[in-house]
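Common to both upcoming complexes is chain A, partnered first by chain B, then by chain C.
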Partner chain A sequence: MEDLVLWSRAQFALTAIYHWLFVPLTLGLGIIIGVMETIYYRTKNEQWKTITKFWMRLFGVNFAIGVATGLILEFQFGTNWSNYSWFVGDIFGAPLAIEGILAFFMEATFIAIMFFGWNKVSKGFHLASTWLTVFGASISALWILIANAWMQFPTGMSFNPDTVRNEMTDFWAVALSPIAINKFFHTVTSCWVVGSAACIGVSAWFLLKKQHIEFAKKSIKIAAIVGLAGIALTIYTGDGSAYQVAQKQPMKLAAMEGLYKGQTQAPLVAFGILKPHEKAMQDIENPSYFNIGIPYVLSFLSYRDINAYVPGITDLLNGGYPTKDGSKELSAKEKMESGKKAIQALADYKKAKKAGNEYETQKQLRILNDNYSNFGYGFIKDESELIPNVAITFYAFRFMIIFGSLFILMFIVITYLIGKKKPFENYKWFLWLCILCIPLAYMVSQSGWIVAEMGRQPWVIQDLMPTSAAISALSSSSVATTFIIFCVLFTVLLIAELSIMFKQIKKGF
Partner chain B sequence: MNVFKKVFLFYYEGFRSMTLGKTLWIIILIKLFIMFAILKVFFFPNFLSSKGDTKEEKSEYIVNEMEKRTINN
Partner chain C sequence: MDYNFFIQYWWFIISLLGAILVFLLFVQGGQTLIPQLGKTEIEKTMMVNSIGRKWEFTFTTLVTFGGAFFAAFPLFYSTSFGGAYWVWMIILFCFIIQAVSFEFRKKENNFLGEKTYNIFLLINGFLGTFLLGVAVGTFFTGSEFVVNKENITNPFMPIISQWTNPLHGLEALANPRNLLLGLVVLFLSRTLGLLYFINNINDQTIQERAKKTLKLCGTMFVVLFVTFLAVTFLSDGFAVDKQTGIVSMQEYKYFNNLIEMPVVSGLLLIGVILVLYGLIKTMFSKTIFRKGIWFAGIGTVLAVLSLFLIAGYNNTAYYPSTFNPQSSLTIYNSSSSLFTLRVMSIVSLIIPFVLAYIFYAWRKMDKVSITKEEMQEDGHKY
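Right after this comes the complex of A and B.
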């Protein structure tokens, strides 16, 4: 079973990571193209049209190679994650269906005008089509992120014991959940950073080659401004996301911070080296070899109060600390007992209903409803399963924050240097740094997802369904086989993308 | 010229004059073929369909699976 869980998770992670190589560039480059074409529309300067068309070509390559790679994730839901797919019912299906019908067709319609419509439709209509393509791509991301947010914070639904499915009772609670809103803006604006880094990196390559200097500098200027706006919004929404994690997924927060013992006036770890998890569990007061903490900041960021108590990993397992509403938090063991009762009540409810025993049916339904909030804990065999991989979550979070923050500096320096008298192309070392920022931006973006998804383990649906209960009863070798097939397929696609992309870049503006 | 003809010609001429786009469309079509005609058919069948035909049978299967995976078992 453990093998099957690992292979299923690895396969999903692989597909999602590859898919996420294409998405951020589509969303990020899209907005840059929109801005460039708007400048062309307003100034009527043909140079801007040439610049827009060049970046649009790269956008097209990325869009074409990346399109439908996300569908493979949906294949996996039906085959590898059938328990989960059944259990989430229409909640997951509805946003994905809207994504497929509305957003995808919107993109498909306007992208055709964007590419075929130069000199065939009016400038205004073409510009509107470009923006609608960008808007469509972002709306597409919105529905996916709403579905993902629901898994992190299930809301707006009720459980139907007859169908064994969660049914949506409040669409707006699902669509506008605070996790979904923060996640959407955090993700989309971080894509602007990736798109900007790509645009700046490619332009820097032209400057190093002393080709298309004016076009490249104009591109860098726009990308730096979009990137600066993107990173500022990413940080703002990142704070919102972390605040929501503190409220809804405290174990994830504890893992992100390597916090084993809760404390008031908790410091934020700027950097540190963690002890191995087993050692840290034995020495919860000093779980790291060293760390640089910023006093009060974790308490403030988590609860907007510098004196707030932030529970650590062991507190979350042991429970007993006061919650926001004044009640005592249950221990993991109590939650596991409660979850076990809920699952048993569901099975007994079904049996009683089949036997036509109304009294027993109602009794079991009450037990199920009373314990449903802990349903997923019933599948947990040992409380240690409730702790995500602390090291990966901790370091991925630091990587995202530290290198992500460097992009602010990067974009500010670029904006400053490009306006200086000394030609920008003379700062060769800096141009190389700009090129290096392309892979770095991707790594930062991916590490954000690693924090979000590894940090929420063992849950597929927070508190309601762990990964081990969500997977289908397949053989692990069949999942391993499809893992290898995907690995090959996606690598071929990536090579195809990069080779076509490099050819187009070499052709220039 | 009516609107439909205009739209048709817009797409027709657009596709005909594609250069890079042709390569991209070939990649898209190959990819979709691999995904839907090979992966979906041979490697990603609907798992629950093999466990029951009706919704009741499927929900019954899920409850049994859940029971099996609890700590009692």
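Right after this comes the complex of A and C.
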């Protein structure tokens, strides 16, 4: 059973990580291509058409493999997370269906015109098609992120004991959840950063090779502006994201910070080396070998108050600290008790209902409702399961913040240098740095997802269903086999994609 | 409008999406025909580009079909995908390799070589369509699973839907009726592929060859399809008692459904006539008749739609369990809540608008058919 959970998680992580290698470029480069073609449309300058078409070729190669990896993600909810699909399918299925109806058809229709329509439709119609492709891709991101946000912060639903599932009661609460909106902007604008980094890096390579200098510089100008806007919005929404995590997923926040013992006026760890988890649990006052903290910042980011108390991992397990509404937070053990009560009440409710015992039915229903907010804790066998992998979450978070912030500097410097008298192509070392920024941007982007998804463990739906209860009844060897198949297949396709990309880049504009 | 209305409405939408998906499998059928119809490189290129501009619609329809099924009938999603794991995984695998093949096959440095991508297209065309047919065949023949929602109250084994056959879906291949539907879908997709080439490629050699191939392929399809209909209508079906919800076997259930739902039988009849008209007119017309795909395409949508409706309407279990008939899925016991179906119904009002812009865009793109000249021009090509 444990193996099965791990393989199922591994397979989802693998396919999601691979998918996320291609999506950011689609969303980011898409915007850049849209801007480029708009300039072509307005200036009628054929150079811009050549530039647009070059980037569009790379976009096409990348898009195909993004589609391929995306297919498996959607169906995986059914194939590997069967229990999840029933337990919350009434809410979770809707965004997926809407994504298909609203977004995918728009993408599929207009991308064909974008690629093949240059000589078949008018310039205006072609431009509209390009933007509609980008728009379609972005709203597809919107709906899948709404779905993801809902898992992290379930809202707009109630549990129906007769159908044994959660049912939607408020569509707008799901679709317009502040977590969803914030997640959407944070994710999509961070993709602009990746797209811009790719565009700038490739252009920098041309400059180093002294090829296509004019086209490369024109591309850099557009990408730097898109990238600057992207990173500014990413940082702004990242702050909103940290605040939301503090409210809804305090354990994730504690793991992100390696905070074992809660404190007021909590500092944000700028950098540090954590002790192994077991050691840290024994010495919660000093969980790291060393760290550099910025005073007050964590309290402020989390609660908008420099004096606020931020609970640590052990506090979250032990409970007892005052919550916002003045009550005392339950301990993990109490929550697990409450969860078991809820599960037992559901079983007894079913029995009583079958027996036609109305009094008992109502009684069990009350117990269930009173304890339902801890339902998922009933599946937890040991409180240690409630702690996500601290090291991965902690370092991935640092990586995202530190290297992500560098991009704001990067784009500002590029915008400044490219406007200067000394030709941009003469800053050799800086051009190399631009190229280096391509893999860095991808790694930063991936680490963001690692924080979000590793940090929320053990929950597939926060507090209501742990990952271990969400799986399909399969043998772990079956899932291991498909894992290996996908791993080999996606790796081969990635190599093919990169190889084609490099060749296309070599051929130039 | 009550709960039942919305449930039936959503079964209709799912059926329609399924029907459109089957029609769009002409892309897959086309893929299987490239080596057979294309003797020269330019002919192959024309064919690849002709269907290559449509593959995303088939793919998107598959994804949307899955998403809509999830939203409207989540118990099917959790039971079938999680249970018949291997059949669905192989189908997905067939589609993953298709998605990159059009774009990558002709590109320089494509790592695996053009041949491999062509083989990918063949695997997708033959195996993908066949297995989809086999999987849908179980809608009529049943599978082995148990659904027990109370399992969730057992923290040690909380899984609600459990497959009881260790082959996890591959056992569907042992049932000749499923295999028959697999072949029907395969030959239908090839037939539609031929009609599509005749319409979309302006090249007499290809058109003549396609017409010749159609005579055998189209006839094979008709024979297989008629056999499938006969077998299905003569077989017992999984009937549901409306009051108690108890599932039992009923003689000639699917044939009774046909008789008891005259609108559905009308759809099936019109569909079959349109397909036959498209086929016969293309096969036997003295000149090249290029509009066959329109008749056969619309006919396919109507006929497949009616078959889905026969599987789900009129108190029938659309996803029956032979292991434990009372676990069988009906459109009532597997659907989403009234609230969700209402929300989704409002969303579904956008579908005509989506169809309209797809139609408009296709008309713009297909105004000029594919020619040798276009394939020799510079520009984005597969």
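Here are a few things to note about the model shown:
By definition in this document, the second predicted complex is superposed on the first by the 507 of 509 C-alpha atoms of A that agree within 3 Å, B and C clash if a C-alpha of one lies under 4 Å from a C-alpha of the other, contacts with A are read in each partner's own complex, and residues count from 1 in each chain.
The definition used in the following text is that a residue touches a chain if its C-beta (ideal position, glycine included) is under 8 Å from a C-beta of that chain, and two chains touch if they have at least 3 such contacts.
Just so you know, these numbers come straight off a predicted model, no measurement behind them.
Following the overlay on chain A, a clash is recorded for the pair chain B and chain C.
Shared-chain residue A:321: touches no atom of chain B or chain C. Looking at the shared chain after the overlay, A:83 reaches both chain B and chain C.
When both complexes are overlaid on chain A, the residue A:111 reaches chain C alone and has no touch with chain B. Judged by the touch definition given at the top, the superposed model places A:97 against chain C, while chain B stays out of reach. In the superposed pair of complexes, A:271 makes contact with neither chain B nor chain C.
Looking at the superposed arrangement, the partner reaching more residues of chain A, out of chain B and chain C, is C.
By the document's definition of touching, of the two partners only chain B reaches A:336; chain C does not.
Using the contact criterion defined above for the overlaid structures, shared-chain residue A:72 touches chain B and also reaches chain C. Of 74-82, 290-298, 308-316 or 344-352, the chain C stretch that intrudes into chain B once chain A is superposed is 74-82 (criterion: clashing C-alpha atoms).
Common to the chain B and chain C interfaces on chain A are residues 57, 60-61, 64-65, 67-68, 71-72, 75, 78-80, 82-83, 85-87, 112, 115-117, 120, 163-165, 340, 343-344, 346-347, 350, 378-379, 381, 469, 472-474, 482, 485, 489, 493, 496, 500, 504.
Residues 10-11, 13-15, 20-21, 23-25, 27-28, 31-32, 34-35, 39-40, 43-48, 55, 58-60, 62-63, 65-67, 69-72 of chain B are the ones that touch chain A when the two sit in their complex. Against chain C, in their complex, chain A makes its touches with residues 1, 56-57, 60-61, 63-65, 67-72, 74-75, 77-87, 89-94, 96-102, 104-113, 115-121, 125, 129, 160, 163-165, 167-169, 171, 340, 343-344, 346-347, 350, 378-379, 381, 469, 471-474, 478, 482, 485, 489, 492-493, 495-497, 499-500, 502-504. Considering their complex, residues 57, 60-61, 64-65, 67-68, 71-72, 75-76, 78-80, 82-83, 85-87, 112, 115-117, 120, 162-165, 336, 340, 343-344, 346-347, 350, 378-381, 468-469, 472-474, 481-482, 485, 489, 493, 496, 500, 504 of chain A touch chain B. On the chain C side of its complex with chain A, the touching residues are 53-54, 56-57, 59-60, 62-64, 66-68, 70-72, 74-75, 77-83, 85-86, 88-89, 92-93, 95-97, 99-100, 102-104, 107-112, 149-150, 152-153, 155, 157-163, 168, 336-337, 339-340, 343-344, 347-348, 350-351, 354, 357-358, 361, 364-365, 367-368, 377, 379-380.
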